[in-house]
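Each of the next two complexes has chain A plus one other chain: chain B in the first, chain C in the second.
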Partner chain A sequence: MKWEMSRVVKTVTDILVAPIIIFGIYLILHGHLTPGGGFQGGAVIASSTALLIIAYGTLGKHKKDLSSIEAVGLTLFILIAFLGIGSTVFYNYITGTGFPFGGSLPYHGPNPGYINTGGTITFMNLMVGIEVAAALSLILWMMSKRGGVMEPKGSSSKKAEGKD
Partner chain B sequence: MKKALALVAFFVIFSFLLLGVVQMRPFGEPENEDMDDYFLGDSQKRHEVNNVVTAVLFDYRGLDTLGEATILFAAVSGVLTVLRRFKDKEEGEK
Partner chain C sequence: MTWDTLVTNSPTFILGIPLLFAFLTALSGRFSKKIGDTLFFIALIATAFFVSLMSYEVLTGESWFYVFGAEQPSPENIRSFFRITFAADGFAVLATITIMITAVAAGIYSYGFMKFETGLNKFYTLFLLTLAGVNGMVLTGDLFNLFVWFEVTSVASCALVAFKNYRGESVEAALKYMILSTVGGLVILFSIGLLYGQHGVLNYALLREGITGSFIDKLALGLVMVILAMKASSVPMHMWAPDAYGEAPGSVTPFIAITSLGSLFVLFRLLFSVFSLTVVSGSILIILGTLSMIIGVSMALVQSDLKRLIAYLSVSQVGYMMMAVGVGLATLNTGDYDSFGELAMQGGLFHMINDGVYKALLFLSAVAVVHVTDIRSLNDLGGLAHKMPYVTFFFLLGALSIAGIPPLSGFSSKLLIYKSVYLYSPILAIVALVVSIITLAIIGKAFFNAFLGPDQGLVKRRVSKTMLLGMGILTVALVLFTLFPNIVVTEVVTPAIDALTETFEGVIP
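After this line comes the complex of A and B, so read on.
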C-alpha cells in the first residue's frame, strides 16, 4: 500500500538518514574503544530504517536482501568464533599480528583510542552490527507492513490489499 | 478470599525482597575479586582491548553473545513466519 507523509517530514528524513547511519557505523567500528558496540550501533541503523518507513511507507523490494544480510552476519560471526578452534572457540587469534585490527597497545592504562586494536573483537562487533541492523529493520518493516499503523484512513485492510 | 491470597503472596514476596536488600553487601566490595582483576588486567595485556566490557562481551563470554544473536535470529524468523503473506493473496510484492 502507498503511504507517504508530508513533504516536510520527507525532507527532514532525507537530511537525517545519512548522519544516523554514519553514527551507527561509528558506534559499531568503535565498539572496542568506546561505550557501544554491535548491538547498539545496529539498533541505531535500524532506527534510520524506521524513519524511512514512517516517512515513505515502503522500503521497496528488499525483504530478501535484509534476510540474507542477517543470515550472513550471524554465519560470519560463528565462523570467526570457530576459526580460533586451535586454542578455543572465541580465541582472539588476530591480536598482536599484523592483520587489520591486530595492532598492539603501546602501554596499559588510560584509553589512547587506537582503532587498530581488538583483533577478533572488532570483527565480531562488525558482524553483530550487520546482523542486528538487518534483523531489526526486517522486524520493523514486516510489522509496519501488516499492522494497522500505516493504513490510510477509511479503507479496510482487505481493500488496501486489493488495491495494490 | 482472592484478595487475601493476593495479600499473602504480596507480603511473602515483599519480605523476600526486603531480606535481599538487608543482606546486600555494601557497594564496591564484592565477595570475590579474582575474576574482576583477571578481566581488567588480561583484557589489556593479552587482547589489546581498552573497552573491557566489550572484551568480556565478545571474548570471555562470547558464547553468551552468540546465543543473544541466535535469539534475535529466531525472533526475526518468528516475525517473518507470523506476518508473512501467502502467495495467492498478494499481487506483486509491494
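After this line comes the complex of A and C, so read on.
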C-alpha cells in the first residue's frame, strides 16, 4: 500500500528536519557539559527519521546503510576505549592536551562550556549518538513495515517488499 | 605494548574482543559471508587465549582488581574511585573457563549446523554479545555493572532463542524467556537501588563492609537471589528453561544453558562475597537445590522429546550444585566447615565445571540426532548407532557422566557431594543418590530408544565434520576431567573456593 501525506505535512517536514538534526548534534556534543548526551541526542536525530517516515512513507533504500552506520559507531566506541590501554581501558587520555581544538584547558571547575574539556567523553558521546540515531531509525523503519529483520529461508527481502 | 600490559588488561580483553568482533561481523555481512565466519572464529580463539592468559596469571601468581579508567590498572586505594571494577580472581577463572569451553565448542559446531540458515552474520553478533555478557557477569566486581551485563545477556540470548523466527514455538519460548528476564532485570535494579540507598557504594568489596543484615539488606538479598535462581533454572522458577533449551537453534542450546550456569556463578559470588548472611541463605540454597533435583528429575521421567528430556535433567543437575554449595555456605565460619563444608564446596564447584562440559556434550549430540533425522520424539527414533558411531559414542560418554557412573568425571564430583552432604544431613545425601539413580534410568532409556536396536533407516543427512569437531573438543575436556580430577580440584577449584571465602581480603587498604 502506498500512501502519502498532504503537501502541507511534507513542506513542514522539509523545514523541520534540519533544525531537529542540528539540535540533536548540539545535545551530543555538549553531553559532558549540559543535560543530554549521546543517547538523548541520537534519539532526537532519530525523531527526524520518524517525521520523514510519516510524511513520505519510506526512507528509500537506506536500510543496510543504517545498520552499517550503527556497527561503525559501536566499533569506534570500543576502539576509543581501548586506545587508553597504556593505563587502563576507558582511561581519559586526551584531557588537558587540547585535542582537537588546541589550547590545553583545565578539566576541573566551572567554565563557559568549552567542548574539549571532556577528553574522550566527547568522542564517546559522538559514537553513542551515531549508534543510537542509526539504531532507532532502523527500529522505526522496521516497525513501519510488516517484515522482520531476518527472513526465513526461501523468502527473499525482495519478495517481502513486494507484499507491501 | 608489553606482555605485562596484556596480562594485566586481560579481563577487559575477555569482554572487549567479543564486543568488538560482534559489531565487526554485523558490519561485514554487507560484503561477504566468509569474512563473517573468519571474524567469528578469530574472536572465539582470541577470547579463549585471553581467558587462558588470565587463568595462568591468577593460578600461578596473584589475583587482582582491575579498575576501569584509572591511571594504574590496580590503584592503591579503590575507595577513592567511583569506578567500575573487575575482580580477576580464582572464582572468575573457574567461571570463565567453564564458559569458554562450551562457547568454543558451540561456536565450531554452529559453523556446520547453521550453514543453511540466512542472516548468519546476525547470529554471530548475537552469539558474541551473549559471550561478552556472560563473561562480564562473572568477572565484574560492581553491582550496577552486573545489572548491565545481566541485561546484555538477557537481550542477546532471547534473540538467539528466537533466531529461527519462522518457527512459532521458538518465538513463543523467546517471549516467555524475555518477559521473565526483563522483569528479573528490573527487580535486580530495584534491589541495587535499595543497597545503594542504604550504603552509598556499589563495589562488592566496599559493599561487604557496610552489610549488617538489616531488613533492607535482607530484602535486597532475597530479591537478587530469587532472580538469579530463576535465571539459573532452579525449580520453582524453572518453567522457561525447557522451552528455551528445546526451541533455541540446536547449536546454541548449550550456550543458553551456560548463561544460566553463569547466573549461578554470580549468585554464589554475591552470597559469599557481598552478603554475609551465611546460615539463612545457605539453608535457602539447600532447599531450592533439593527441590530442583527431585522435581527436575521427575519431570524428565515423562518426557519423550530428547532435547526437553536433557533440559529437565539439567534442571536437576543445577540442584546438586546449589545443594552442595549451600552446605558449604551454611557451615561457613563454623567448625563444620573444615570437616566437611569445604569438601562440599569442592564437590559443588567441580560439579559446575563438569556439568558445563557433559551437558553441552549431551545437548550437542542430541541436536545432531535431530539434525540428521528431523525427528524429535524418542518413540520414533531407533537404531542410530549403525549409521552414527561417533555421535553414539559422544552421547554415551555424556550420559554416563551425567548419571555419575564411576570412571567418569561426573562420578568424582558427585562422590565429593555425597560424602560431604551426608555429614550435614543424611537425608540430603540419600535424595542425591536416588536422583542420580533415576537419572541413570532416564538417560539409559533415552540412549536405548535412540541409538540401539535394528537400523530403521532414519538417517537423512550426514553429520558434518565441524559438528564432530565441536563435540570432540568437549569430549577431550571430559576425558581430561575424568583422568585428572585431583589436579582440577586442587589447581582450579580450590583457588575459586579461596577467592569466595576470603572475600576480597587485602583489596581495601
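What we mean here is this: the second predicted complex is superposed on the first by the 133 of 164 C-alpha atoms of A that agree within 3 Å, B and C clash if a C-alpha of one lies under 4 Å from a C-alpha of the other, contacts with A are read in each partner's own complex, and residues count from 1 in each chain.
Keep this in mind: a residue touches a chain if its C-beta (ideal position, glycine included) is under 8 Å from a C-beta of that chain, and two chains touch if they have at least 3 such contacts.
Just so you know, these numbers come straight off a predicted model, no measurement behind them.
K.L.:
For A:T97, using the defined touch cut-off, is the partner it touches chain B, chain C, both, or neither? Pick first, second, both or neither.
P.N.:
In the superposition, A:T97 touches no partner, neither chain B nor chain C.
K.L.:
Touch test for A:F82: chain B only (first), chain C only (second), both, or neither?
P.N.:
The answer is second: A:F82 touches chain C but not chain B.
K.L.:
Applying the touch criterion given at the start, work out whether A:I139 contacts chain B, chain C, both or neither, answering first, second, both or neither.
P.N.:
first
K.L.:
So, A:T11: does it touch chain B (first), chain C (second), both, or neither?
P.N.:
So A:T11 meets neither chain B nor chain C here.
K.L.:
On the superposed three-chain arrangement, identify whether chain B or chain C touches more chain A residues.
P.N.:
Result: the larger residue contact count on chain A belongs to B.
K.L.:
Touch check for A:V72: first (chain B), second (chain C), both, or neither?
P.N.:
second
K.L.:
A:G37 in the overlay: touching chain B, chain C, both, or neither? Say first, second, both or neither.
P.N.:
Only chain B is touched by A:G37; chain C is not.
K.L.:
Looking at A:N111 after the superposition, I want to know if it touches chain B, chain C, both of them or none. Which is it: first, second, both, neither?
P.N.:
The first partner, chain B, only.
K.L.:
Between chain B and chain C, which residues of chain A are contacted by each of them?
P.N.:
67, 70-71, 74, 78, 81, 89-90, 92
K.L.:
Going by the contact rule at the top, pick out the chain B residues touching chain A in the complex.
P.N.:
Residue positions touching the partner: 44-51, 53-55, 57-59, 62-63, 65-66, 68-70, 72-73, 75-76, 79-80, 83, 85, 89-94.
K.L.:
Residues of chain C touching chain A in their complex?
P.N.:
1, 5, 9, 12, 16, 19-20, 23-24, 26-27, 30, 66-73, 116-119, 122, 163-166
K.L.:
Give the list of chain A residues in touch with chain C in this complex.
P.N.:
Those residues of chain A that touch chain C are 64, 67-68, 70-72, 74-75, 78-79, 81-82, 84-92, 148-153.
K.L.:
Can you name the residues of chain A that touch chain B in the complex?
P.N.:
Residue list for chain A touching chain B: 1, 31-35, 37, 39, 58, 61, 63, 67, 70-71, 74, 77-78, 81, 89-90, 92, 95-96, 103-105, 108, 111-113, 117-121, 124-125, 128, 131-132, 135, 138-139, 142-143, 145-146, 161, 164.
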